[in-house]
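Once you scroll down, you'll see the structures, which are given as structure tokens.
Below, subunit A partners subunit B and then partners subunit C, in two separate complexes.
Let's look at the complex of A and B:
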């Protein structure tokens, strides 16, 4: 396969990745958000696969396989299994900022990401010129999504999207050992286990996971 | 080989804690592992003082002076927090053996993850260890299972995992920079240091921002500190002591460890950024301290203040690095002591509200004395060790010619002094009805007494070993 085609395929994955991030920001139903997360994981894996082929890197191939297993199979399965009621509900999550405003902010944030990544792209091979700005945009938009979501599970899904953004940039720059990639993928699974346990404890104890409404921890609220 | 024992001992103790017998086994195992880890940490420190660097597994596990200092602090706090837990958790979870055993197992795993951070020689693995410290302490923060405790645990988990995820991109960029210098270099701290001047400056700059913001969130730097007062006030007091006394410092260690790398960026004032972030945190925390109503939150804000002081000090340059590391050690000792004292008040009064605690000196003279002493210690009053370290921070600033920064820092420290001493003064001496004095558990009294000794001793005398290690460590975080 010619290298220009591989670059084209990677750019396609990156464009779809960025679009999924925007769709995530606009989606208000938990089940839809989770399926966007799965799609994004697949795109991350696709980008890693293309680069593995282009660079003949076994590490990246391994990373692509681990990513599919962790992010498209294990994590969604665990979340759906342990938090089923939250995913069956078709209720729309409460957001602090309206969706159109958020999308405008996300566009501005993407431009910032490209500006930051620009000076780095020049001296580097072009997988980096594509993946770094898109990954950075994913990182910044996910942090924004996290800060405007007021319920526990959407916040956690934003955190998982943040992880995807980081690794989308990461696959292009990291030429590291498989130990580290395995640790990173396992880490996402462990994070999910712990957060799911905590989430259940909160809903059992308090009856709501609307963290925006949990306001026990204020200066005046101490007992 | 002795270094490997340090994190392995608490893992072993965690396994023993899970054996379904009476919790006395869990307690004994935890204490034994903490004491042995302390002995091992001191042995490592002595070895480092002689040879400068101890490597157990080349490229993987080892310790220099900076790591050894942190290990000793962690181990000291592990011992006192374990002792304190005997009485505290014994009373909080009396009659519930399973809950007590789970507590000790979790505590040991958390301590093991803390020990791992300074001894790993590869930044990527250190990052994994930092992430483990969060994951293994989430359920300790929410141990009380109250609505507030779980809410605090949630904020703690989400925000600090977010921070760590941002930081990981910084670490990946550093490894990329290393790779771009030469593909065959080992991915260790030492290789990063030596290759930094040849790395692309733009890569390093972006890495610096991501690392400072990412790990800064977990250190509790302003304006990313919002989770810290919640988590550090809602956790059981011995856990608070570890979180505030040593966990934030352990994460700060990673930022400090990377300073020589970022200083290599041509024309980039990395230290001035630390100075600015540090002063901002000290200032914000000082004013936030003036309005607290909950005495454990007060101590948490004081942690934000002290992290700011350390960062400011390192921003002052090489003399400041010595003072900043000294402050890291003394703050750990003082803050854990303060949380033990606050926990004792909580055991007696069953409230964290400052306004509801009055006349402590009549209710329990021992607790009152300890609370007052700990407040004086964290406020930086002689003869406690924090006074010496804060004094050397200010002096290093003057030597570095940053008079304005020293002036601001001094002002903020003075405001924080008022913010801590005024409420504590009222709690101890204020007029009010004394409560029915319940006796404090013996282990709580012992932990408090043991905590005050090093704080006083280091305030009067700096052992040559400590001075030597601090000097070695401060050169490790300066280019």
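Let's look at the complex of A and C:
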């Protein structure tokens, strides 16, 4: 395959990655957010696969495989299993800022990310020039999504999206150091286990994971 | 010179005559996919023929605008057809008379007059639908501008014939992110501008919910036929811009010989058929959005178009 086509495919994965981030910001239902997270994990692994092929890197190939297993299979399965009621309810989550405003802010944020990353990526068409700004934009938009969501589970999903953004930039920068990438891909699973158990405990006791309402104490005897 | 003009007129004739068929095939596909007993693809022709023979009823409140608007909305898509590459890849007689932004302005003129006419008849549902149509158009406008300027940025021109030569030339360019995202954004614009499903229900005639249908609410007889026909042509013209300029600029006639033109008509019809299948599948798999969610749908479209623009500027 010619290298220009590989660059094109990587750029396509990057653009779809950015679109998924925007859609995540606009999504209100938890199940939709989770499926977007899965899609984003697949795009991350697609980008890693293309680069593994282009650079003949076994580390990146391993990373792509682990990403698919962890982010498209294990984490969604665990979250769905332990928090089934939250995913089955079609209730729409509260957002602190309206969706169109959020989208405009996200566009501004991604332009900022491109402006910051352009001097670092260089002028030649390369994988870094594509992945760095998109990963940075994914990171910043996820932080924004985290701050406008009011319930614990969507917030946690934003945190996982943030993780994706970091890795998306990371795969292009560190193409030959397997240790931290492998470790971090598995780390997300462990964090998910702990958080899922915690959510379950909280929602069983209090009946909600709305973060704003967890600040007060529940009156004794009202159970 | 004369051939160029003749081919241009042939182009208009093709759009004029095939537009109802395109709409009919689209409805037929949708109804078949949904498991209904579908009306014949030729149904729009029967409808137009029937309406042409009927008399018209006009509100006593209506002014000259109400009489005038159907002609404007009928002429608008024809004028746009003169500017775009519908059958040929070489520029025709009117090719340089207006660019893509000009075509957008012409379509905007048609929208303006239909909105005025809807208000003119003093039916309370008319202004309601007209204001909704205006809301959708208002949100679609910036997306159109971004799409057009992104392709013009690459082609260094806003003339559709020139853009069509530069925009998609190789397989790598076809899968370029800017191209894929612009195509996605443009499909969403086509759905929104023609009152198709996630934005408006083309099969629904409930006054309280209608958006695009409100423009022919008060019309009857030949005027209704003109407004409907104009709607069919608008859908076809936007689809042609999408297919022949933005996504698949192949299969067009390179010379003005009758054989090349005939094969171009067949190939373009084939492309339109494939696109109709795509629209039918999209529409069948989506539910109508609530009115206040339309701004979110179009906000997502806007984000897609902006990402496409950023990708075109930074990634290439």
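Note that in this section the second predicted complex is superposed on the first by the 212 of 223 C-alpha atoms of A that agree within 3 Å, B and C clash if a C-alpha of one lies under 4 Å from a C-alpha of the other, contacts with A are read in each partner's own complex, and residues count from 1 in each chain.
The working rule: a residue touches a chain if its C-beta (ideal position, glycine included) is under 8 Å from a C-beta of that chain, and two chains touch if they have at least 3 such contacts.
All values reported here derive from a predicted model rather than from experimental measurement.
Trainee: Using the overlay on subunit A, decide if subunit B and subunit C clash or can fit next to each other.
Mentor: Taken together on subunit A, subunit C would fit alongside subunit B, as the superposition shows.
Trainee: For A:166 in the superposed arrangement: first (subunit B), second (subunit C), both or neither?
Mentor: first
Trainee: Would you sort A:202 into first (subunit B), second (subunit C), both or neither based on which partner it touches?
Mentor: First partner only.
Trainee: Would you mind checking which one, subunit B or subunit C, touches more residues on subunit A?
Mentor: Here the partner covering more residues of subunit A is B.
Trainee: Can A:100 be said to touch subunit B (first), subunit C (second), both, or neither?
Mentor: Second partner only, subunit C.
Trainee: At the Cα centre of subunit A, what angle separates the centres of subunit B and subunit C, to the nearest 10 degrees?
Mentor: 150
Trainee: Can A:133 be said to touch subunit B (first), subunit C (second), both, or neither?
Mentor: second
Trainee: Between subunit B and subunit C, once the two complexes are placed on the common chain, what is the minimum CA to CA distance in Å?
Mentor: Distance of closest C-alpha approach: 18 Å.
Trainee: Once the two structures are fitted together, what part of subunit A is touched by subunit B and by subunit C alike?
Mentor: none
Trainee: Sort out for me which residues of subunit A touch subunit B in the complex.
Mentor: My answer: residues 116-117, 119-120, 123, 135-136, 139, 143, 146, 152, 155-156, 159, 162-163, 166, 169-170, 173-177, 180, 183-184, 187, 190-191, 194-195, 197-199, 201-202, 205-206, 211, 214, 216-217, 219-220, 222-223.
Trainee: Mind listing the subunit C positions that touch subunit A in their complex?
Mentor: Residue list for subunit C touching subunit A: 171-173, 175-178, 180-181, 295-296, 299-300, 302-304, 306-308, 310-311, 314-316.
Trainee: Inside the complex, what are the residues of subunit B that reach subunit A?
Mentor: Subunit B residues touching subunit A: 124-125, 128, 131, 135, 138-139, 142, 145-148, 150-155, 157-158, 161-162, 165-166, 168-169, 172-173, 175-176, 179, 183, 187, 200, 202-203, 206, 229-230, 234, 291-294, 297, 351-353.
Trainee: Spell out the part of subunit A that touches subunit C in their complex, as residue ranges.
Mentor: Result: residues 2, 4-5, 8-9, 11-12, 14-16, 18-19, 22-23, 26, 99-100, 103-104, 106-107, 110-111, 114, 118, 125, 129-130, 133 of subunit A touch subunit C.
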